[in-house]
Amino acid sequence: MKVYGYQLPAMSSLILWGLLWEIVGRAGVTFFIPPLSDVLYTLYTVIGTPAFVKAMSETAYAFVVGVFSAVVIGVPVGILMGKSRLLDELLLPWVNIFLSAPLTALVPVLMVLFGFGMKSIIITTTLFAIWIIILNSRAGVMQINRSLVDMARSFGASPMDAFFKIYFWAALPEILGGIRIGVIRAVKGVIIGQLLISIVGFGALFELYSTNFLMKHFWAVLLVLFAMAFTISELLAYLERRVSYYAAKR
Amino acid sequence: MLKRSILLKLLSAAIVFGAWEIAGRIPVSYAFPTFLESMSALITLTLEGTIFTAYAETLKPLVVGVIISAVLGIGLGLWIGLSAKFDWLFSPIFIVMQSAPLAALIPLLVMAYGIGLTSKVFVVCIMAMPVIVLNTSGAVRNTPSVFKEMARSFLASERDIIFKVIIPAASPIIFSGLRLGISAGFIGAILSELKITPTGVGDIITYSRSIADYPSMYAAIFSIILLAVLFLNVLEKLENYLFEGNNRGYASD
Amino acid sequence: MPQIDDAPEAPAAAGVDNAVSVRGVSKTYGEVEALKDLSLDFPRGQLTSLLGPSGCGKTTLLKIIAGLLEPNSGEIEVNGQPVTGPGPDRAFVFQDFALLPWASVVRNVAFGLELRGVAKPEREEVAQKYISDVGLGGFENAYPHELSGGMRQRVGLARALSVDAQVLLMDEPFSAVDEQTRRKFQEDLLSLVQNENKTFIFVTHSIEEAVYVSDQIAILLPRPSRVLEIIKPSGFRHKGADTIRRDTEYLDIVDRIWASLRSYVE
Amino acid sequence: MPQIDDAPEAPAAAGVDNAVSVRGVSKTYGEVEALKDLSLDFPRGQLTSLLGPSGCGKTTLLKIIAGLLEPNSGEIEVNGQPVTGPGPDRAFVFQDFALLPWASVVRNVAFGLELRGVAKPEREEVAQKYISDVGLGGFENAYPHELSGGMRQRVGLARALSVDAQVLLMDEPFSAVDEQTRRKFQEDLLSLVQNENKTFIFVTHSIEEAVYVSDQIAILLPRPSRVLEIIKPSGFRHKGADTIRRDTEYLDIVDRIWASLRSYVE
Amino acid sequence: HAAKIKIALAETPSDELAAFFVALDRAKANGLDYEWTAFSDEELAIQAVLSGQMDIGFGTPYAAMQKSKAPIRIIYQLSKLKFFPVTSKKYSKLEELDGQPILLHSRGGGTDSIANVIEDKLKIKLGKRSYVPGSANRIVALIAGQTDATIVDLSNKNKLVKQQGDKFNVLPMFEVDASDEALFANLDWIKANEKDVGIFVKALLSVYQDMAKDPTIISKQTDPNGPIGQLPKEILDSLDGFYKDAIEGGLYDPNGGGRKAAKADMEWYHAAGQLTGELSSLKIEDFWYLKPLDSAK
């Protein structure tokens, strides 16, 4: 938005919302909305404590491993589905089912199948992220301009060349879009995993703080999580914008 | 061609259910029933009518929440997409909301809105709305300007442009937002039944788990997934019916 | 007798009735100066072609006349009234077709009438007529993605014709159709100019086409665009399509225009 | 003296060296029968044009020769060897350009060489040469979306030229460039045919263009496509670009082809 | 030496688990090697032990013991079902709840069984039961006026009394000796790891007995770098108060339950509907494995 000809940064309205939060908090409307400044102060005091660092590293570990496997498995599977009709017809119904299924309901099954503890949390995270990544990579490949494939073949491209020099790049805008949505879903997944399976990481902190009504602590952790999700998603959105110049022209 | 695709669907279903049956027979765990046990539990639940009363309960917050999210979400999305001011003010809120770890927020919601329908509807809305709003606003913003220009040259009013150009042009993305939103809404509904008050299907899951009746628990999980998939198929049909020309078919064929 | 009137700076002769007149129009896109102080008259009931290198601002000028773009300076009058926005007196054929992908051929053709509030049976009847005219009978219920490029372009043409506007702004309307179809359309266009008192503003890259169909050809300079010269190849029409291509005068004009334009290639 | 050789069914005369020969090729897409028992020879060092209505199967034929599509029946030989897939002896200019949108002009032009494993400095040097040849000097680091349609088409042209193949398959290579640039390219093409012993297979919609640049023109029937007749408008070249368009023999051939094609319009 | 034993907690470490962690520290000093995982509820901990992914679990798995094919046995009673009916000022006796709606933890859970037994003993019929997991959440619902009656655990009852004691009633209730949380494991595993189990039970018993004499030892002996020591100051400060109240309220049996608890459990869970069949036909050996506790005494 422009004010007096000056372009306001896209996310600057968050400052406005932060102010509103501070005011509501100061007004003491309810005890579970403490003023933002108090929350920030609490965040400052807890952020270095070993318990917090441990929770953070546990969460980050599950999240990073989960997202990483979702990407590493999801992108090739999606590309292969886009290329092979048989594979696509076999897998697509399941991808659609898992994309739309309430995964929360599946969490108990996952625990039985994949064990309890970190492994299941990572798998939950992966499951939250992977389907949209597969679907988007597939869509990216499906809409590829056939001429590009023909062109590469006519100049003698090997299958490997075609995969890395054509398919991957042609699908990249969709792949990045899928990863961005996937990452956002993964944040939900990791917390749901940490709350519904074994209570570790930020999930444990949330549980602890909310059952003990430590609202400032609660919001402090939430802020960290928001910041984490927000940063990653904006980073990916930035990458997406970098390739968007060719997205509409393939 | 149609036959082949149905055949493949059946084949892939047979593979998955077969694997389930085998895993249940090994068994991978005492808490993991076989496919057949689960299905017979599902039949029992259906015959007893338990499943219907449960869904009557579960669908209440879900349907209300999804309708609110769809109407409000598309409306807000249109508004945000059309007005730079609104975009600046509200987009970040929904981006933040989209990454909100809702499971953690549920205690707060219970404190604010109690344990009744309101909280659950709220949970569904928080889950479903951001993706609907963001998809809609993005699609509206990206409506190809040639269409708008063409309509203007044929004397379209602002209203015409919104209803006859922008919405149909944005409809595939709006619908994919709705799809993701509804699936998120399902997650929210189940989450609220697991974490706020166990009613409906959430109750069948938690109760049969607490009495170690695992086949019933799996039957309930199976049924909710089935329902979600059915729901989304209906939505897809609706989309194809409303905007037939947007369906361009298999790109590779 | 063919006449070549060659007076770019001459004011519109008194008594000539201009359907559209453009006075001192300039237009910049950010840094890019597309049009600079361009003036041009379009006599009523005649076909005026715009010829010029790619990117010289032809589309821009058409859009300004249509009221879709605001010029930075200058004035446009249509039927003596200043243009402030799109109006029912003008219809546009878009260079990139601008069809609604979710609407069938018949709805696309009838879309202009739909926006004017014409009732459905009535507008579909009109649309039907123009669909047959452009040779798309039988494709009424197809969607744009099921048509070839040339067929799509014809849908856009039919849409513009169906609103029965006085001024038709056509941006490379035959660029995607094959030579054979193109020639047929040229004939159709000529009979439209002759039988209905409509004013056509026509953009093309083909010198032959311009010479063949135009009452007046405006040759534009490369960006920033102004009118280099105006050529009036009037008097060919009675000669008939088959013989005209061997006519020396016709060939002279083509060569002359070619010589004019050529200096801007390379 | 211009000669018109008019023997579609005559077998290739002994002693004529055919770079490409197509024998009894048929191709169907599902229900659609695109080519039916089509036979055609392409003499070495000559330019053969394919003329025919839109959708008649010209692109299909080119792709079959390139080894990108398998015919349902029939055989193709290039330099006496049966075609089983794409090979380094043929290069393709695509109707829709087929540029990599994520790669700069220079990388696009060098892409054919990149796939052949030529080292970077070397292939970029070659690319540079052809970029200048097609008039894109200064745009080496631009991306396709920053170019106009005509410029993009020239990138595709440069890419095909840079691999130095013996047979060039060109699918409407000048369709998007403006008339002025098109004429320049026609001259360039003629000098390529004359100076290097390459074989060109050229698709166009413009009869004039075909007559002007071709050694041999194959006129194709509408779908399912077969060769209607072969016309050899040889002997125009020495007449020079500026005068040929007034040459009666030239105009006769154009008219004759037009008459042939015309029966399939409407 | 045996591998690390894997303990499945049924909640995240907080004040209620402080005593357990002190006992773990003592067991560790005696050579027990362990790791723990917190699950979100006891059903999960039970499932984890059932599938063999965890060795020892928290909870009262009576239904699972009877229904599943796995030989699960309880070895130690960690806490009793000390729950308290709290209501708004509307009610002052349990009897007045006849026909009135009530808020409980979950269907088939501990508070649900308490409600069943209340109905049984007082010959009343409670009204509509709704469920909200978490005593803290039920307290919030009570304060917010969304319910007039609920059943909550000791620490939340105390919090309520401390903060808003004047607005709510804690209804007097009969004594309950049945277990809320117990330690259980697969019998085959217990037998294979008899030594470790022995060390563990002995450590628990010693802590429970010390704590009965002086509740403050828990806060004193809590490892400041352990999971409890790392909790926010607000929670650590409340430890002494919590254990003082708990000992007074009889939440912990200093003898680890044993036969007395087993009998009480069978009666209780039978009455609550989690155990089926004739009460007289239920055998202690099918539910408890008493050897480690007996030898620890």
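Note that the chains are named A, B, C, D and E in the order they appear, and that numbering of residues resets to 1 at the start of each chain.
One rule holds in what follows: contacts are C-beta pairs under 8 Å (C-beta built on N, C-alpha and C of every residue); 3 or more make two chains touch, one makes a residue touch a chain.
As the structure is a prediction and not an experimental result, all values here were calculated from the model.
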Using the touch definition from the top, how many steps at minimum link chain A to chain C?
2
Could you tell me between which two chains the number of C-beta pairs in contact is largest?
A-B
Taking each chain's centre as the mean of its Cα atoms, which chain lies farthest from chain D?
E
Quick check: how many Å separate the C-alpha centres of chain A and chain D?
49
Chain centre separation (chain C, chain D; CA means) in Å
31
Centre to centre, by mean C-alpha position, how many angstrom separate chain D and chain E?
84
In angstrom, rounded to a whole number, how far apart do the mean CA points of chain A and chain E lie?
37
Could you say which residues in chain C touch two or more other chains, in rising order?
none
In chain A, which residues are in touch with two or more of the other chains?
108, 112, 195-196, 210-211
Provide the list of chain E residues touching at least two other chains, using ranges where the numbers run on.
47, 51, 53, 134, 136
Could you classify the connectivity of these chains, where an edge means two chains touch, as line, ring, star, complete or other?
other
Touching chain combinations (by label order)
A-B, A-D, A-E, B-C, B-E, C-D
In their shared complex, at which residues does chain B touch chain A?
4-5, 8-9, 11-13, 16, 23, 28-29, 31-32, 84-85, 87-93, 95-96, 98-105, 107-108, 111-112, 131, 179-180, 182-183, 186-187, 189-191, 194-195, 201, 205, 209, 217-218, 220-221, 224-225, 228-229, 231-232, 250-252
Enumerate the contact residues on chain D facing chain C in the complex.
53-55, 135, 148-150, 177-181, 183-184, 205-208, 242, 245-246, 248, 251, 254-255, 258, 261-262, 264-266
Residues of chain E defined as touching chain A within the complex:
8-9, 11-12, 14, 37-40, 44, 47-48, 51, 53-54, 134, 136, 225, 230-232, 234-235
Mind pulling up the chain B residues that touch chain E in the complex?
28-32, 107, 110-111, 114-116, 195-199, 203, 206-207, 209-213
Going by the contact rule at the top, pick out the chain A residues touching chain D in the complex.
145, 147-148, 150-157, 161, 165-166, 169, 172, 243, 245-246, 249-250
